[in-house]
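In what comes next, chain A is part of two complexes: it sits with chain B in the first one and with chain C in the second one.
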Partner chain A sequence: MLTIAGQEIRSRLLIGTGKFSSPRVMAEAIAASGSQMVTVALRRVDLNDPGDDIMSVLDREKYMFLPNTSGARDAVEAIRLARMARASGGGEWLKLEVTPDPRTLLPDPVETLKATEVLVAEGFKVLPYMNADPILALKLQDAGAAAVMPLGSPIGTNQGILTRFQVAIIIDQARVPVIVDAGLGAPSHAAEAMEMGADAVLVNTAVAVAVDPVRMARAFALAVEAGREAFEAGLGRRRGEAEASSPESGLGFLK
Partner chain B sequence: MPEFAELSECVYGCDPAGVDEVLHKERLSLEDLGVLLSPEAGERLPAMAERSAGITAARFGRTIQIYAPLYLSSFCGNRCLYCGFSAENKIERRVLSLEEAEQEALILAGRGIDHLLLVAGEAPARMGVEYLANLAERLRGSFASLSIEVQPLSEDEYRRLFLAGITSVAVYQETYDRKVYEKVHLSGPKSDMAYRLATPARVAGAGMREVGIGALLGLADWRLEGLALGMHLAWLRHRFWRTALTVSFPRMRPAAGGFAPMVNVGERELAQLIFALRIFDPDVGLVLSTREEARLRDGMIGLGPTRYSAGSCTAPGGYSEPGRDGEQFAIGDLRTIDEVCSAIRERDFDPVLKDWDPVFQQMQGGEKVAA
Partner chain C sequence: MKIQCNGKDTIIDEGVSIEKLLLELALNPDTVVVECNERIILREDYGSHILVEGDELELIRFVGGG
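Our next item is the complex of A and B:
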């Protein structure tokens, strides 16, 4: 079972709530995904208003909400958003997004780290969205992040895990869950992340813009499960190094 | 850390096919390390050597770092059954004055040594933090790096030494087997196993650049010892990512007191342990000291170890007065530093004498690393 900041979470698939054709389709797709944790853009919702388009179709008893700070350009803005969310009942959980470049929406590592430090000190459970930079992942962990969320490829590109080598290092070094976020365009990408040993993946666009989002959500759920199963089962060989080798040739010096 | 005996399932419970499987993995878990330490893996030693050599070349290139130990004191308040410095052994004891220590160090510097390891028994009253800090301040201008292998200290004391110019600390657990640990550490502060086990974390927490760990081979089942070592290594790696890690493989050597090894660790077994740890952790520095004979050390060049001591003497004052007794143990590779370097060059490897610079240290305020 996936555990983040002491909280047990059944499904290793996290779903984003943006970009769906309607709140109803979104709700159905999320239900089909089996996901238990959904991210919600703070700038999109009114947490206080039960009649809010998005909030009204999602059962807050059933889902854990992970408000995100998308739109924040620096640490100050992200911190302000986070405090506001908590004040209006959004809880302590936070997906921290600091993306100063509106074109690529790539995360700002310096501001993300700064905001993490401040928010952790204020008691937030911070899950920072980050570039797949292993040193940054370590620093964010040192700063008290509850998980790290490296990107597979730039947001919305559906390119899959272009950052494979760095993500592998991050997974290797991690002492908090690693959630691969952004760029996962197909269930096979999600399966790949899980096979590599990621603890979870977050998907949004690929589901939201599919011809049939509900079936796509289910497909991702199956892929995540398959990938995790494969990881736990232990994947077979990939490289051909260290074949039997000439019996004792190089070791004659050993008595 | 689990109880020692509990590790045996991991090492003795594997099937031979599992070994090949692990040898082809990109990254290894602790269970996989257990497999590489198994008797079955011992049958696949050439394949392990090949994989280990490949990883070592990719990560360290064709280089071997050279260092030399400087024994400062043979006084010790502990009674460790296996050690020549043990309090109950009747040997001539000596602690070098700061001037004598400096003189010994400069002899080594004159022979080309740039990385110096300061070693002493545990006798804080005769040789405490003040002594080490003063010595470091005297020597820091003459060496690229200074390391210590002395009694465990507090985090604040390590921080003090770091500021004085010490960059790295070696502290071997001797054995991870609690029962054996109690049996061979008869009295003195070292008999507190938990304090010793927590020492590398204090070293790293104090901001030291490098921590060396290891088990003394000859006390307990070396396969389980290797797995426990791997666990310690992985634990440190995950918490102190700014700290470089090294592992040593001291095999028991004849010493005053005449202690006979409780288990025999042969050369093939030592090699298996070295290869297994290299494959498990591609980045860890692996040390093969002059405890081992020249033939073995030469043969191992390129296969896994990355750091050799050379021209060592284990008696305080032994560099100025060759032939004096009072050594901690007898060494196995008696060649001079030059001879060791030539042997390394003959195998197409570069003996690296300087791989650090004290200038890094000047910028440091003993950075606090979050645990």
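Our next item is the complex of A and C:
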């Protein structure tokens, strides 16, 4: 079973709650995903529409909340958001995101490491969103991160795992769980991450923008399970040359 | 008196607590985090924290996100 910071987590699929067409579709998709941990963001209350409250559709008994610091451009902003998340009753879990460039939404490694150090000291269980940099992963782990979340490709691009080579090294070296986050656009991408030995994946856009988000959530759940099963079963080596599957002997009668 | 609430000038009565303001705005105090002048106010202090002229309030809560 997946264990993060000593907490057992049933599903290796983490689900984001952004971009859904309605709270009802979101709640149904999350239920279909089988996910136990969901990410949420923090924003100003819309004073023109104060009734729009995600907490009214998400059952806190059923799901662990993983508040993110999306929108933070540096460590100071991320720390401010983290403290707000805890004060909102979000608990100690935190997906740390520091993305100074709105065009790429790529994480700032220096500010992410700084914020991780401060927030770990404050008792947060920090899961940093990071570029797929094996050296940074080790530094975040040493700084006390509860898991590392390397990106497959930039947020919302649905490009899959463009960082395969680096993610493989991160998985090989990590002592904390590796959760591939961002850019997973199809169940096959999630299965690929799991086959590589990732401990979990986080998916949002691919589910939320599907024609049928509920069925897509189920498709991702199956893919994550299949990929994990394949990893544990042990995949055969890739080869450069063909090797017959059928016996090469016993063909004398053809000659 | 005038305060700033989520970046907007807002006129409120003197002596209003954070809790009273939230209720007037039809907000559930259990799901809204309040920063006053960039300091987080603990939920148990919403009732006793009286707003004063010029306070800058941020009312924040969870929304969908990835």
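Everything that follows uses one rule, which is that the second predicted complex is superposed on the first by the 230 of 255 C-alpha atoms of A that agree within 3 Å, B and C clash if a C-alpha of one lies under 4 Å from a C-alpha of the other, contacts with A are read in each partner's own complex, and residues count from 1 in each chain.
Heads up, the rule we're going with is that contacts are C-beta pairs under 8 Å (C-beta built on N, C-alpha and C of every residue); 3 or more make two chains touch, one makes a residue touch a chain.
Keep in mind it's a predicted model, so treat the numbers as computed, not measured.
Trainee: With the two complexes superposed on chain A, say which partner A:205 touches: chain B (first), chain C (second), both, or neither.
Mentor: The second partner, chain C, only.
Trainee: Taking the superposition on A as described, I'd like to know which of chain B and chain C A:39 touches: first, second, both or neither.
Mentor: second
Trainee: Which positions of chain A sit in both the chain B and the chain C interface?
Mentor: none
Trainee: Note which residues of chain B are touching chain A in the complex, please.
Mentor: 20-21, 23-27, 44-51, 54, 237-239, 241, 266-268, 271, 295-296, 298-300, 303, 369-370
Trainee: Can you name the residues of chain C that touch chain A in the complex?
Mentor: 5-8, 25-28, 30-33, 35, 38, 40, 42-43, 58-66
Trainee: Residues of chain A touching chain C in their complex?
Mentor: That would be residues 16-20, 26, 39-45, 47, 50-51, 53-55, 65, 67-68, 70, 80, 83-85, 87-90, 155, 202, 204-205 of chain A.
Trainee: Along chain A, where are the residues that touch chain B in the complex?
Mentor: On the chain A side, the touching residues are 138, 142-143, 168, 172-175, 234, 236-255.
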